[in-house]
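Heads up, the thing below is written out as structure tokens.
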Amino acid sequence: MKQFITLGEMPVEEIEQLLRLAKQLEASPINESLKGKTVALLFMNPSLRTLASFQAGVAQLGGNVFVIQPGAGSWNLEVEDGAVMDGASQEHIRDAIPVLGGYADALAVRCFAAGKDLATDLTDGLIRKMAAMSPVPFINMESAAAHPCQALADWKTLDDLEAPRAGGKFVLSWAWHPRPLPYAVPISAAEMALLRGMDLTISAPEGFDLPQETMHQLGKLGKVTVTRDPLEATEGAHAIYAKSWCAPAFYGKPEEEAEARKELRHWCANESWFENADPSARFMHCLPVRRNVEVTDDVIDGPRSATLQQAKNRLHVQKAVMAAMLGDASQ
Amino acid sequence: MKQFITLGEMPVEEIEQLLRLAKQLEASPINESLKGKTVALLFMNPSLRTLASFQAGVAQLGGNVFVIQPGAGSWNLEVEDGAVMDGASQEHIRDAIPVLGGYADALAVRCFAAGKDLATDLTDGLIRKMAAMSPVPFINMESAAAHPCQALADWKTLDDLEAPRAGGKFVLSWAWHPRPLPYAVPISAAEMALLRGMDLTISAPEGFDLPQETMHQLGKLGKVTVTRDPLEATEGAHAIYAKSWCAPAFYGKPEEEAEARKELRHWCANESWFENADPSARFMHCLPVRRNVEVTDDVIDGPRSATLQQAKNRLHVQKAVMAAMLGDASQ
Amino acid sequence: MKQFITLGEMPVEEIEQLLRLAKQLEASPINESLKGKTVALLFMNPSLRTLASFQAGVAQLGGNVFVIQPGAGSWNLEVEDGAVMDGASQEHIRDAIPVLGGYADALAVRCFAAGKDLATDLTDGLIRKMAAMSPVPFINMESAAAHPCQALADWKTLDDLEAPRAGGKFVLSWAWHPRPLPYAVPISAAEMALLRGMDLTISAPEGFDLPQETMHQLGKLGKVTVTRDPLEATEGAHAIYAKSWCAPAFYGKPEEEAEARKELRHWCANESWFENADPSARFMHCLPVRRNVEVTDDVIDGPRSATLQQAKNRLHVQKAVMAAMLGDASQ
């Protein structure tokens, strides 16, 4: 494996292999499979889980890690090809990516959606361009349209919880948020649920469906239902995954988007969503979460919450990805 | 030891054990007692000594470390229970603390006083709440009302200098500073001196005594004298510890506090303070220090200054704390 | 070697030894020569290559590293002797440098030119002062007037490319840039070329020569020619090193400097500069580079570009410097 960009492009068997390796690493977390290896982490956006778990994970595999944060101790990076760089950007990714790759055995990059043009962001072209520039194996730590580390951790969490695959009901519900958020997590969560064999129900208010192109892609992977009613959506659900995302029609227009969202604050995951769910149903969220905005304290602090397991599984699955990419075959 | 929150809550024998271990680690600084272990450092405020010495110390014990700085590469953290998070804070400590603890074998946190309500800050409730949320051993890297790593380093420095215990005179003197500073260091230094068996003299201008509640607590630990005159205070002193702190009456009112402070710039530690001190008297300060504001260059660069020894002892004592928390018992 | 401040002060034989060691470390990059050792990296200015390659390099030698960034997680540092610190600076280098040195086995510092007084910056007094304060070996990671790590990497790059020494023609050409830049890189590149035995041609528009004092120093090291015409300058060249720097006459006066520069945007390295160059001629730049401002995409992405090799050599030469300073003699 030389690139880890999105689960949607990987054979399910390869994903299952990573999950088996992740389970082994959970049981036996310390080894030397990355001894003498260095992983470069390039963060063009903020992070807590990813920043922490990649550093901890590399260390637990006996490797070394360094973090670069453009605009915070490092130069601002230009991403446009052919740019005449007389503005605020001090270095181009065409130079930065191969340079960092030259110092490391693998390069992991976080680069959120630009949030200007929907079609462009949905192609996830920038992260693919960076991966192609990298002289070493490349990991997507969340791009415009994919967060495969999170999706893999979510898959493992569902496995750990013994959530059903075929016949299982995975609800991805929109939630209100003070800012328009990108599609990386909802797309990756939806793909993950379908690839895992579950049925997907997307619950969102009018105007807040996922983009048409995304729905088209998801439809190829399995059964997708859309509802406007959280109580209907969550009936019989095995997993309820809350996440905010922006309205496709107002992409790149945050003021109009805010206007469209302003009457929707009641879209906050709460106990009522679990009333008719399957008794085993769990609450999921990728974190960070806006408490009492996206989800009530009751739910996230209650016994149904799987959020800490999801977060902890980030560590295990990322170690599996790195070990598969870089580890000594004899390990 | 599962928590290191404040020296004031620890049996003196336990403190002495840590100091003996620190002395051993000073003599023999490199070992493998944290091999395979990861320490998470969460800094909600700036740092130089703590940031550097924890990283160096973990490495010298063969362990791994990662740093998270909310607001600088990581999400801003909310600390209020029940907050409706539709403002600037992107993640709650109720999520962040257990997540970070899930990736690490110990969690160390710096979280300065909120500086709004005096009684609240003096309880040091926030750091205790975070410690209680942590699934792994927890270290206070300076909270609203305690800086136990500094106090332990100061204790070791006094031991190294062979400052007397019973009958020793420890002077904690207020110093002018352009900003109102919290009480963590002065409280911890005062407690430390008393726990070590020294007499404590607090020297401060009218209105700048330590808070009443603090004075009450200190009085239980040993002999405390208050003066308004640095020359009287320092007579016969074995250690003169300069530090600025804010006026309790104007806590959370920085403009009024600045007004109360404006005629007090002469409260700057200087050679005259040592004229009638014991010949062995040393100048102490936790650093960072405002030179020629809190102390003259003459004093801090002179032979009486123990500030670099204090700083260096941070390394040794923190290694002792971590080794006691996490180290292999056979080490 | 206890200090690595500038190549200009080192015997050529010592430089050659470092280059031989760098070549060995390139061939055999992983060893344990820094086992148990810690290197402190203090960055008072942004960085990508230096920040990444020092961290990667220390790790590859089996050592540990920590990064301190004043103003970004650490206190702002005062550099003036005798300052009355009642302003924005919270800690003095007179305290910070020995403290950091007390936690580490070597200290590396980046501190760009203050950009106020030309004569002061050209003495490079601040980095020398910090080196003198350091209790441990000291590495200059770019100062007001020197970037020896870059120069050593550039030297190795020229060696790797088998660029001629005696009789070789090294062209240092000014390039337009939106901001006035300091002299550290051009001075160090020029010194390096002359120490390596090459002839130096400096190509710059009227008013943008290097400072007189610098030209005087360079003249002592070898043959230096100045031209105003890039095509004349690059005739027969073996290496064309583009770099922007500010006009000496307007040092510390950025608005006047911008006015002097405004008609000079055509000073951008391009294919025409290579038309009459030696067929082996390579394009060099220290990076970060403003694409299509300092150099066209054609040139930097073309086969003549040596910029990635220069960047990669930063890793190898810095490892050599650290190994020579700190490594076990038996390695």
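Should a chain be cited, it is by its letter among A, B and C, assigned in written order, with residues numbered from 1 in that chain.
One rule holds for everything that comes next: contacts are C-beta pairs under 8 Å (C-beta built on N, C-alpha and C of every residue); 3 or more make two chains touch, one makes a residue touch a chain.
Only a predicted model underlies this, so the values are computations on that prediction, with no experimental measurement involved.
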item: Same vs different contact residues, subunit B with subunit C, by half of numbers used; value: different
item: Superposing rotation of subunit A relative to subunit B, computed on C-alpha atoms, to nearest 5°; value: 120
item: Rounded Å distance, subunit B centre to subunit C centre (Cα mean); value: 39
item: Per-residue multi-chain contacts in subunit C, two or more chains; value: 72
item: For the subunit B and subunit A complex, residues of the former touching the latter; value: 36, 38, 40, 64, 66, 68, 70, 72-75, 78, 82-87, 90-92, 94-96, 98-100, 102-104
item: Subunit B partner contacts - residues on subunit A that touch it in the complex; value: 30, 43, 46-49, 51-53, 55-57, 59-60, 67, 69, 72, 178, 287-293, 297, 300-301, 307-308, 311-312, 315
